[in-house]
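Written out below as structure tokens is the structure these notes cover.
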Amino acid sequence: MRKSLSIIVIILFGIFLSLIAIDLTFGVPDNTGMDDYFIQNGQEQIATNNIVTTVVFDYRGFDTLGESTVLFTAVIGVALMYRKLIKGDADENE
Amino acid sequence: MIETIIHVLVIAGLVVSAILVFYFRDLLAAALASGLFSFLISLEFYILQAPDVAVSQAGIGAGLTTAIFILAIRSTKRYEEDV
Amino acid sequence: MIDPWYPAVLILIILICLCFIRLILGPTPADRVVAVDTVNTLTVASMVLLGLIYQEVIFIDVAIVYALLSFVSTLYIAKYIGGEL
Amino acid sequence: MIAEWIIVAFLAIGVIFNALGVIGLLRFPDLYTRMHATTKATTFGSVFTTLAVIVYAVSLYFSTIEPQFIVLGIHALIAALALAFTNAVGSHAIARAAHRSGILPVPAVVDRLKEAGR
Amino acid sequence: MIAFFLTFFLSLFVYLILTAGSGNVGLWSVSELTAGVALSLVTAAIARKFLCRAGNYRMANPLRFLLIPVYVIGPFFLEVIKANLDVAYRVITMRIRPGIIRVSSELKTDLGIFMLANSITLTPGTITVDIDEKTHDLFIHNINVGTGDEQKLVLRDHELFSIADLPAWIRRIAE
Amino acid sequence: MRMSKIVRFSADMLFGAILIFGFYIIMHGHLTPGGGFQGGAVVATGAALVIVAYSYEEVLGMIKKAGLMLQESAGLVMFAGVALIAIGLGTTFFFNFLANSGSLFGMSVPYGPNSGELNTAGVLPLMNIAVGIEVWGGLAIVILYMLSGISKAEEV
């Protein structure tokens, strides 16, 4: 019962996603002007050849800071969970 | 022409490996299939000429995610139970 | 003379798809690991060929990373199967 | 012209041995014999396809004096070396793990490892 | 200290190979050389305990490194070609006679036994399955055990190879 | 338990190679695909290789958990610190104060396709190094902690 229900839900979801995918205009985005600005001025302003790194670390630096914080928080979470699990291990972490 | 066939084959492999992750009851085999999914999606990114994403997918997906899955399976149970 | 690179890549990808049969059939997990290992090798080979097709050095680096790192996951699975983890 | 024929020959050897490896993976009866097919044949085939890439890069370097093609050849060589190295060690690890987990070679005439009690 | 410098020079070598063709000082630019030296120092500081764990510095002689490409291109590659033709024959005809045999070798160093095990895995219809840590005996899965070999308890290592005597080469390199 | 001698020896040999290759990816983040996150993941996989080849007790003698934790925090602090220095110089947060300045990483790049020079891009290499250090420490310590949970559960 449960299995057939899940299969039906998966099929419906697949039909839903493919209906969306049909309407997508892929490769023809709207004109925003931002990307042209990056490509034109990135090499001159930041002195970098790799525009992707320019966007990731300079124009969108805040996003990268947020990503780093997310990773840091995840690692802290794992460490806290296992430190609570291992009582005898606490002394070597000090 | 040949490029299109390569694309279609890689994407078919992606779909098959994703279905296999769902299908296997043995979680070790499921972890293997998800590792295979990572390999193929890295190849797909490579074909789409996105080497940044391909490198990070190869690093995280191929190496570390499988290792973390194996460690998690080792510390819990290997076979999935029917609920 | 026709361009020989794309047909070679196509055959390698077809071989990757054939490896799925052993992944599905394989009676023990070790057989499946062997199938995945084969897929790794074939993927690295096709990545090197594709890197030549695009004529970019930086694409070959991805293949090196891949060849070095897929080894680690193979070792983890082997250690688990051997009961040593 | 000679370089083109060398490239085609290397690619053909590589692809044929890769195909033999995969066919062996599908046909052989037990794990260890399958591993023979995959380890040796696919490593050899992949090294040969990489050699074809290196030959093509060197011939491109001699026709257009651009140093990036020689760099491409060097990186492809590193990839082939890494591939051969990791494949050998990885297949040893899988074989040892399989024997430890109790998978015995089925049509075997002799098994000294089991007699040694390991 | 020797381990530190050995790691430093090897990693600098790898870095210079990876960045070849970037500038005018030889093949490299000044900034690449500076960065290579700095990164290699960091690598040597981290990984100095790993490379020469056994405390055996025989491989510090750079002339021995020149023998390794000769070994790989010459006898090893011939054996690889023969082994692959053999595997191709067995894949097509399915004429197999597998078994696990025991092989003893006189190699003492870690590098020697490592090279022998990898050569065995890649060459003559055999895969290294296990290794005896004390006596360095290798347990080998052979796809086609020779007639009469299943009676012998221990084989010698050079009996496996037919074209070139690979263990003698490895002994020349590593010991 | 430790794996066999061949695997251990190859892990020893490959560790240095993976390390220098990861440093290469981190250092060339502003020239080639890759950068801090990818290179850090590569180096962390090198640490995972050492962890899998040896037993847990031997790994604790080689890799210190406290060192990795410190490394992760230091990476994040360095990343934010480089961004904060720009405020101290009287400009905005995340301003690239080293680009085109002529000092460290300060050479300028001509417009159009060119092969690239390492000594460019201002603060971007510093940020790449910071993120690389952080990701390396973080991912290595996740693996190490999960392994420690397993080996402690065995003893009880």
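When the chains are written out, they are named A, B, C, D, E and F in that same order, and each has its own residue count from 1.
Going forward, contacts are C-beta pairs under 8 Å (C-beta built on N, C-alpha and C of every residue); 3 or more make two chains touch, one makes a residue touch a chain.
Source: prediction; values computed, not measured.
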Pair with more cross-chain C-beta pairs in contact, given C-D and B-F: C-D
Identity of the chain that, by mean CA position, is farthest from chain A: E
Centre-of-Cα separation between chain F and chain A, whole angstrom: 19
Separation of mean Cα positions, chain E and chain D [Å, integer]: 15
Centre distance in Å when chain E and chain F are each reduced to the mean of their C-alpha atoms: 29
Interchain centroid distance [CA atoms averaged], chain C/chain E, Å: 22
Shared interface positions of chain C, touching two or more other chains: 33, 58, 61-62, 64-65, 68-72, 75-76, 78-81, 84-85
Chain E residues counted as touching two or more neighbouring chains: 18, 117-118, 128, 130
Where chain A touches two or more other chains, by residue: 52
Pairs of chains, among all present, that meet the touch criterion: A-F, B-C, B-F, C-D, C-F, D-E, D-F, E-F
Partner chain F, residues of chain A touching it in the complex: 43-50, 52-54, 56-58, 61-62, 64-65, 67-69, 71-72, 74-75, 78-79, 82-83, 85-86, 88-89, 92-94
Interface residues, chain B side, partner chain C - complex: 2-3, 5-6, 9-10, 12-13, 16-17, 20, 26, 28-29, 31-33, 35-36, 39-40, 42-43, 46-47, 49, 51, 54-55, 58-59, 62-63, 66-67, 70-71, 73-74
Chain B-touching residues of chain C, taken from the complex the two chains share: 6-7, 9-10, 13-14, 16-17, 20, 23-24, 29, 32-33, 36, 39-40, 43, 46-47, 50, 54, 56, 58-59, 61-62, 65-66, 69-70, 72-73, 76-77, 80-81, 85
List of chain F residues in touch with chain B within their complex: 25, 33-35, 37-38, 41-42, 44-45, 48, 52, 139, 142-143, 146-147, 149-150, 153
Contact set on chain E toward chain F in their complex: 7, 10-11, 14-15, 18-19, 22-23, 29, 31-32, 35, 39-40, 42-43, 46-47, 49-51, 53, 110-111, 113-114, 117-118, 128, 130-131, 133
